[in-house]
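Below, chain A partners chain B and then partners chain C, in two separate complexes.
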Partner chain A sequence: MVQGKDLDPAAIEVTLTVRLIAMPQSHAVISCLHANLAALEAVLADIDQQGIATITCLGDLVGYGPQPNEVVDLVRQRAIPTCQGCWDEDIIEGLNACDCSYPSQLAERRGHLAHQWTAEQLSEESKAFLASLPMSLRRDRLLFVHGSPNSQHEYLLPDMDAFAALERVESAGAETLFCGHTHRPYVRELREGSIRVRQMSGEPAGVAEAEDRELRLPLRRIINAGSVGEPRHGNTNPTYVIHDEDIGAVEIRELPYEVERTCSAIVDAGLPPIFAWRLRHGFEYAERADDASHVCER
Partner chain B sequence: MARWALISGLRGDLEAYEAIQADLRHTRRVDTLFVLGDVIGPERECDALRLSQGEAAVDALLQAVDPGHMGWLAALQFGFIELDCALLHGSSAAVDDSLGPNSSPLLLLDRLTRMDVNRLFTARSGRQFRLELTGGGIDSQVRDLESQRHQQQSVPQRQVIGIGAGVRYTLYDPGSDRLDFLSAGSKPQQRPRGFA
Partner chain C sequence: MSQTLLISGPPGCGKTTWILSQLRSHPGPCGYLCLAGTPDEGLSQARDGGIDLTWLQDQRSGLQDLADPDQALAPRPANLLALIELSQFQPPTEPGLAGMDRRVIPQLEALHLSPDAHLHFGRDAVLPRQDTLDFSSLQAWERNLAGAVWDPASLSSFWFELVNGAYGDAYRAWWCRARISIPPPSRSPSPSA
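Let's look at the complex of A and B:
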């Protein structure tokens, strides 16, 4: 703590100026819009209100929700850099996802219904846009993906094995990994890691000698943006994150929107009413991953 | 408990296979032979094996493996799980994942975690090695909308073992965890390399 007598007014001014200049370094990350226009509009308004100009989207623009073309159009209008989500991939490639794309069998059956409806509704232009999306986006040491760097379908759950989580970030050459797909926002910091190994070689022929070494692991972060259009963290509010690159601070934002507007649109569109039910509750037990340690091997 | 013989990379080399078989017949107490890939694949020497010895030789090779395991291999694609061991050609990430003594320990730990096994036997690199995770840990802090959780995780005592290729093969005793790196046909010159 700096004592009052040490303070130089000029220094205070410099600090404040630096802080103000640093503000634009904040950027917003959104994910899993799932054809929910009202939720997307609310989130974009919240971001605009804070004067944040840089937005990155982690995919899943469509699926479950009733306005797939409208959501694609809005993302394109706003020129938001976007990577491809599991739904975006499946809509353009057909349902070739592995078994673990859905967290349960019930979720899978409902997912297939939503898939069929969405594929019928999407314009050729929207499909072409989804097909053009990259698997990942990179800005310096920040990496943006939908599921994990391995696959749009792999879940990086908040409590997955810490070394496996760090491996995903490290192998991708990133310091901070932004992901979505779980529909539950979180910030995970992995620090002070080390692994000691003893190596014994069977070659060349001769007496085996053991060699010990230690790997010190770097500090890495995983930031999950949650979901704009299909929240499953326990209430109906869309979530997204604001990251300040300079100080590394992350704010998980949660805000209300006109959920009934989307629920009526779901029913009017003839989509399974369960999707409206889920939006109104923000959670569904059937959507819980059956096996949190499961790793997609696709 | 009887031991396992782990071989790979024969690529249709019948002489190497016969040398290993002779080795196993005469000296070693082995109850299961695991073939971790590259035995009869599309390699060119495979045809040589077929031509010189006929389909019977290929069948004999296949019969050395428990039919149940063969079915499992075909279904799993990745390999066998026996006790707490994964027996794979590459790794749990991919069949062509080449793990060697210089692979990053973080990568090795990840491959072990993916299969949730204590021993991962791999053949892809063709090297014979044993890498034992002996210690370490990591701090994890998770914050979500409800709470902040802090967790300390230790490195589990697990191992990745390279079994070699061709005449260089490995014996493993799952009861005692003893490992022998061998080279078929060169017994008089070379003592087995054992690690308990």
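Let's look at the complex of A and C:
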């Protein structure tokens, strides 16, 4: 019960009514946790504070960060439906990606270091959990993936060719595609998409007749949740999204967390101190590949 | 007429920058020597590691290394401008050459160098205004990468981190230009007709 002589009771009532109607259909999407426990705890606390019960995780629970088991445990404890990220896949199947995944030999070496450290730290239980994660999750016309419906390693960048972006959503049979992997949150609306099909008919000896058919596609959306554990959008704050299925509203939320707690844990764990420096300054642990659209096919 | 100048001042005051400006404006031959300085001023001295000479030689073609013993014995050109750099935290106690740190004289004599003048940053008005940072200690870090191969993208990342303080406060950092020799491709035999 909210009390206060300066508050307008009518205003409170309106606010509460809106929340009561909107909240049941709101769900949160988190991605790219990267073994950053402090960031994950801050994000989950923020989600709880808003009374949102449904959370979906888009993978990359581990990699680079200092608390892989703790993060896996917390996701399991909260029973958060999760799909498998590229790091989750690599850590249980071994590094399959070739050099093309890294923009430099230095980044590659750091990536391998982080991979080796994480593989040594992860308990068999955690590995089994990561191995059990599905490539994608579907809820009605909502599809949840880590990178793209094609691969956990494919980046769906906000400036990706519109046709290619539409193809990824449409061919997966989704209205709204939730993804992560880029570590930069965004909402992209694909409006007025259409596919034109030319159908040829006619007798072999006769004149072929062409019939053009145009299929209008309804609005499609790509929603990128950004990253909880390794933000790459310009500062150190974790990001995630809240989506309201009923009214289609999307909120990209960004909040501070105890970044120094994670930085200390990185150093204490014996991981390269440069990881802590980069995280503290809002830089990715190892730079992203120059050609982000490239998908390693090894 | 040749001229030999001893330029002293605290690290970071602009000695090398001023020296470069003199080297660029001098039309004749030029020489350079960097003296290590003395460690007993209460502050640790950073080792130069030859980086100043390397940089100046890159910026001023034909710059002689005055520390080269072969050149020390060779007759010097009449219009040579010889500039000697010395890191020195404390200001000289006397003006002109009389204020020169006596301990560097043996080094200079061994190289047959005798300064015509001694200029100290913060004392002599001919030099630019002193712009020294308040150093309490200095460290020089160097690593010999001979035989190591670094891809440009890795160097670029490392440089970004270095100048942004990832490895400590960096006051001066330079690339060393690498000389790379790539053997010419072997000539393949002409295809037969």
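Definition applied: the second predicted complex is superposed on the first by the 240 of 298 C-alpha atoms of A that agree within 3 Å, B and C clash if a C-alpha of one lies under 4 Å from a C-alpha of the other, contacts with A are read in each partner's own complex, and residues count from 1 in each chain.
In this section, a contact is a pair of C-beta atoms (placed from the backbone, for glycine too) under 8 Å apart; a residue touches a chain by one contact, two chains touch by 3 or more.
Everything numeric here is computed off the predicted structure, so don't read it as measured data.
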Query raised in the report: So, does A:E214 touch the first partner chain B, the second partner chain C, both, or neither?
Result: first
Query raised in the report: Which of the two partners, first being chain B and second being chain C, lies in contact with A:I274: first, second, both, or neither?
Result: second
Query raised in the report: chain B or chain C: which reaches more residues on chain A?
Result: B
Report task. Identify the partner contact of A:Q121: answer first if only chain B is touched, second if only chain C is, both if each is, neither if none is. Result -> neither
Requested in this report: Give one of first, second, both or neither to describe whether A:T54 is in contact with chain B, with chain C, with both, or with none.
Outcome: neither
Report task. Mind working out whether A:A107 is in touch with chain B, chain C, both or neither, as first, second, both or neither? Result -> second
**Report entry** Overlap of the chain B and chain C footprints on chain A, listed as residue numbers
**Finding:** none
Report summary line: Residue set of chain B touching chain A in the complex reads 78, 92-93, 101, 104-110, 113-114, 116, 127-146, 151, 153, 155, 162, 164, 168, 170, 181, 183, 189-190, 193, 195
Report task. Write out the stretch or stretches of chain C touching chain A in their complex. Result -> 150-151, 153-154, 156-158, 161, 164, 166
Report task. Would you mind writing out the residues of chain A in touch with chain C in their complex? Result -> 103-107, 274, 277-278, 281, 287
Report task. Sort out for me which residues of chain A touch chain B in the complex. Result -> 158-159, 161-167, 170-171, 184-203, 205, 208, 212, 214-215, 217, 233-234, 239, 252, 254, 293, 295, 297
